[in-house]
Amino acid sequence: MRNVVVRDAEAAVKDIKDGHTVMVGGFGGAGLPKGVITAVLDAGVRELVVISNNAGSSDDDLSLWFGAGIVRKIICSYPRNAQQFAEQYRAGTVELELVPQGTLVERIRAGGAGLGGFLSPVGVGTVFADGKEKIAAQGREFILELPLRADFTFIKGNLADSLGNITYNKSARNHCAVMATAGDTVAVEVDRIVDVGELDPENIVTPCIFVDRVFTRSR
Amino acid sequence: MKPLSRDALARMVALHLPDEGFVNLGIGAPTHVADYLPSSSGVMLHSENGVLNVGPKPPEGEEDWDLINAGKMPISLKRGGSYFDSSLSFAMMRGGHLDVAVLGAFQVSRNGDLANWTTGDNGSPPGIGGAIDLAVGAKSIWVMMDHTTKDGRPRIVERCGYSLTARKVVTRIFTNLAILDVTENGLAMDALLEGATVAGLQNLTEAPLLTPGKLRTIKQDGTVVP
Amino acid sequence: MRNVVVRDAEAAVKDIKDGHTVMVGGFGGAGLPKGVITAVLDAGVRELVVISNNAGSSDDDLSLWFGAGIVRKIICSYPRNAQQFAEQYRAGTVELELVPQGTLVERIRAGGAGLGGFLSPVGVGTVFADGKEKIAAQGREFILELPLRADFTFIKGNLADSLGNITYNKSARNHCAVMATAGDTVAVEVDRIVDVGELDPENIVTPCIFVDRVFTRSR
Amino acid sequence: MKPLSRDALARMVALHLPDEGFVNLGIGAPTHVADYLPSSSGVMLHSENGVLNVGPKPPEGEEDWDLINAGKMPISLKRGGSYFDSSLSFAMMRGGHLDVAVLGAFQVSRNGDLANWTTGDNGSPPGIGGAIDLAVGAKSIWVMMDHTTKDGRPRIVERCGYSLTARKVVTRIFTNLAILDVTENGLAMDALLEGATVAGLQNLTEAPLLTPGKLRTIKQDGTVVP
């Protein structure tokens, strides 16, 4: 029977390569897979393209990646209070693609759902429309927003079974559930692994079809 | 006449929220509006990171860092609240399901243009977050802000000088001096701080002000009387 | 405090008007709000535009609406085994807009999520692309699909509280959860109404913000 | 030589499904493939109406009409299964998350065009359902069908005469006579029913058949040997 449990964060990031695009779940610290942060650093990869809501603001998050200079570009909505990122940004050593938060999650959803893009009313008439195709539909102007996918998705769940079914804890669900659909390899850090059958089928948020690796963080 | 305190402004906005309305309070000053909702209030607060029916800050030591608001501060959940992912949360926002979004602003123009995401004048990386989705999607967009900048320049202008968040979206402006409605004809005064004059307010406001009806009076504590 | 519980199906369909667009949940009988079927008939409205997956196949479903001739048009994916509908269809007295099932639910989602449409790969090079705008994105051809909304959404849930939070039963969730986001008035027939606070906030599928009326079916 | 029975064809397809694969069995004949999966199989079945890890039909009298498959027949749920709404279900389908979709067909063309939704020749209203989403989205699209129509005309053709479901999507064809792979160069024979000949099969097939490698042999019970 399918079993996607791996030993640790190191195993969860196996095969990550220089230049990969990586989605990292979380809104602030909630939903951020902290074990992955260090495992990716240890893997020694560089030139990553990161898709995440924020750009790190403490000593155990994406700040470590910017501090180590392993990120070439970040696609995010709110890189404030992000000191390490800000330094790299001012120095011109990291590229920023700033995306409205709802557009960010919707682009990820489109990537996971096999859509070619969507027509968004958000950003019309602002700098967020610059360089994007405008499409009129039903008498209104929209911006064509394109899908986002990643080589790796790293997210944080609450419970998992060995098949890879996932639940989340409170507001830590945020972008994680959508990012789970849009990565070629999806690795989930969870608080606890339970027996198959223990999760109520009504309450599984991310069905196992989306999940490739599950691990609990060693403390 | 002293402009409203930040607390009084928050109370004034709270008193105007529709009973049983679904409301998002933007990060910054709008967050404090929650502190002035009466405990009997039926207003249900939405947080863009996937929470409906947000409750007050938990007691110190009982914070759960998996339960935070859009400002990344610990919150609680009221009975009947729910958690959901960001895609459903922004569907609520962009899809017109929120009755009111209360947002801070740098500038608002006569026709309701909103500039609240960047002043463009510092070396910091820009951040937009979910404010822009709220500004486009909520049924009513209320701005709460000081009437002028710290050095006295108008924030309510003919045309925003800062990069826009969204065009023609603001429906109501609550400042520390007045309440204005954005109408087809322009900015209509609804209420004025006790002791202030229309002429005085106009002096602090670049866009012309209309007084289509009887002005209500704002008390120093943020309550408003006919 | 908000309380959206209404007495019965009759109260749930109050203010429905001739010519209204109406979404009806369900895949086959699962998720179909049967109490609404008769209540809408009793309301005496006509010329409805119906959005639903099927077009009725038994004596307690949309067949009754076609039998009574109150539907002007149906937007659906699979109107097979639908005798009453088929008779009206052959007679030319009802219009059919046939939509691939995934496109149907995605169009409804777009309507509820405030999007202007989406780029679908489904139907490219087939009759399902006829009359629709083609948009190339990232080197591939897509069809622009437009959002769907309704004056009324009628769906079937399992549990509700008086605020309007909803859970569903097994595969009866199907289109219901998405339709709940896209109606001006959303009325939900449920098996049971529970006290506020009884539903686990992690397991509520449709948060109350989407729901206007809740009722249990009288038997 | 007798063509495979419907049961043997279902067994043949079942034996080829990837272990631990996520699979959708289309309505009609493909549904019966489930009956030939060994109980030890790690294949996880998806149903488009929002079910993953579909189990067998429940015993009579224990049906739950809220738990049905795409053919609207009662099913059960295996341990580790889950329920979800149609939008997530079709995201799985269209987004390439299913390893295999097994579909019935009226016709398949040499380059993998699929026609399986309408023959256009009766007065019935047309129905498309979710077959088209599967045909576009699954990683591999397998067709299972009789090799010819009831009156002996080829179903594997140069160009489909019926209205298409999707273009260039079919990767493999399982018939009651053979297994064919759709390749860049054309239709490559993988296996042939015991007792049938390549020439005989070509006679029943409008599109030209390639035999790039050693042919496997299909037994009457649907098993395939080297």
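By written order: A, B, C and D. Residues from 1 in each chain.
In the analysis below, a residue touches a chain if its C-beta (ideal position, glycine included) is under 8 Å from a C-beta of that chain, and two chains touch if they have at least 3 such contacts.
Predicted model only: the values in this text are computed from it and were never measured.
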{"item": "Pair with more cross-chain C-beta pairs in contact, given B-C and C-D", "value": "C-D"}
{"item": "Mean-CA-position distance for chain D and chain A (Å)", "value": "35"}
{"item": "Whole-Å separation of chain centres (CA-atom averages), chain C against chain D", "value": "30"}
{"item": "Inter-chain centre distance, chain A versus chain C - centres from mean C-alpha coordinates, in Å", "value": "32"}
{"item": "Sites on chain D at which at least two other chains make contact", "value": "77, 83-84, 87, 90, 93-94, 136-137"}
{"item": "Multi-partner residues of chain C (at least 2 other chains)", "value": "106, 109, 113-115, 120-121, 168, 170, 201-202"}
{"item": "Chain-chain contacts as defined at top", "value": "A-B, A-C, A-D, B-C, C-D"}
{"item": "Residue ranges of chain A in contact with chain B within the complex", "value": "27-31, 55, 77-80, 82, 85-86, 89-90, 96, 98-103, 105-106, 109, 120-128, 168-178, 205"}
{"item": "Parts of chain A lying in touch with chain C, wherever the complex brings them together", "value": "106, 110, 113-121, 135, 137-138, 140, 142, 144, 146-147, 167-168, 170, 200-203"}
{"item": "Residue numbers on chain B that touch chain A, as the complex places them", "value": "47-51, 64-68, 72, 77, 83-87, 89-90, 93-94, 123-130, 132-133, 136-137, 163-167"}
{"item": "Interface residues, chain D side, partner chain A - complex", "value": "20, 22, 42, 44, 46, 52, 77, 79-84, 87-88, 90-98, 136-137"}
{"item": "Complex interface listing, chain C residues touching chain B", "value": "1-2, 109, 111-115, 161, 163, 165, 181-182, 196-197, 199, 201-202, 204, 207-210"}
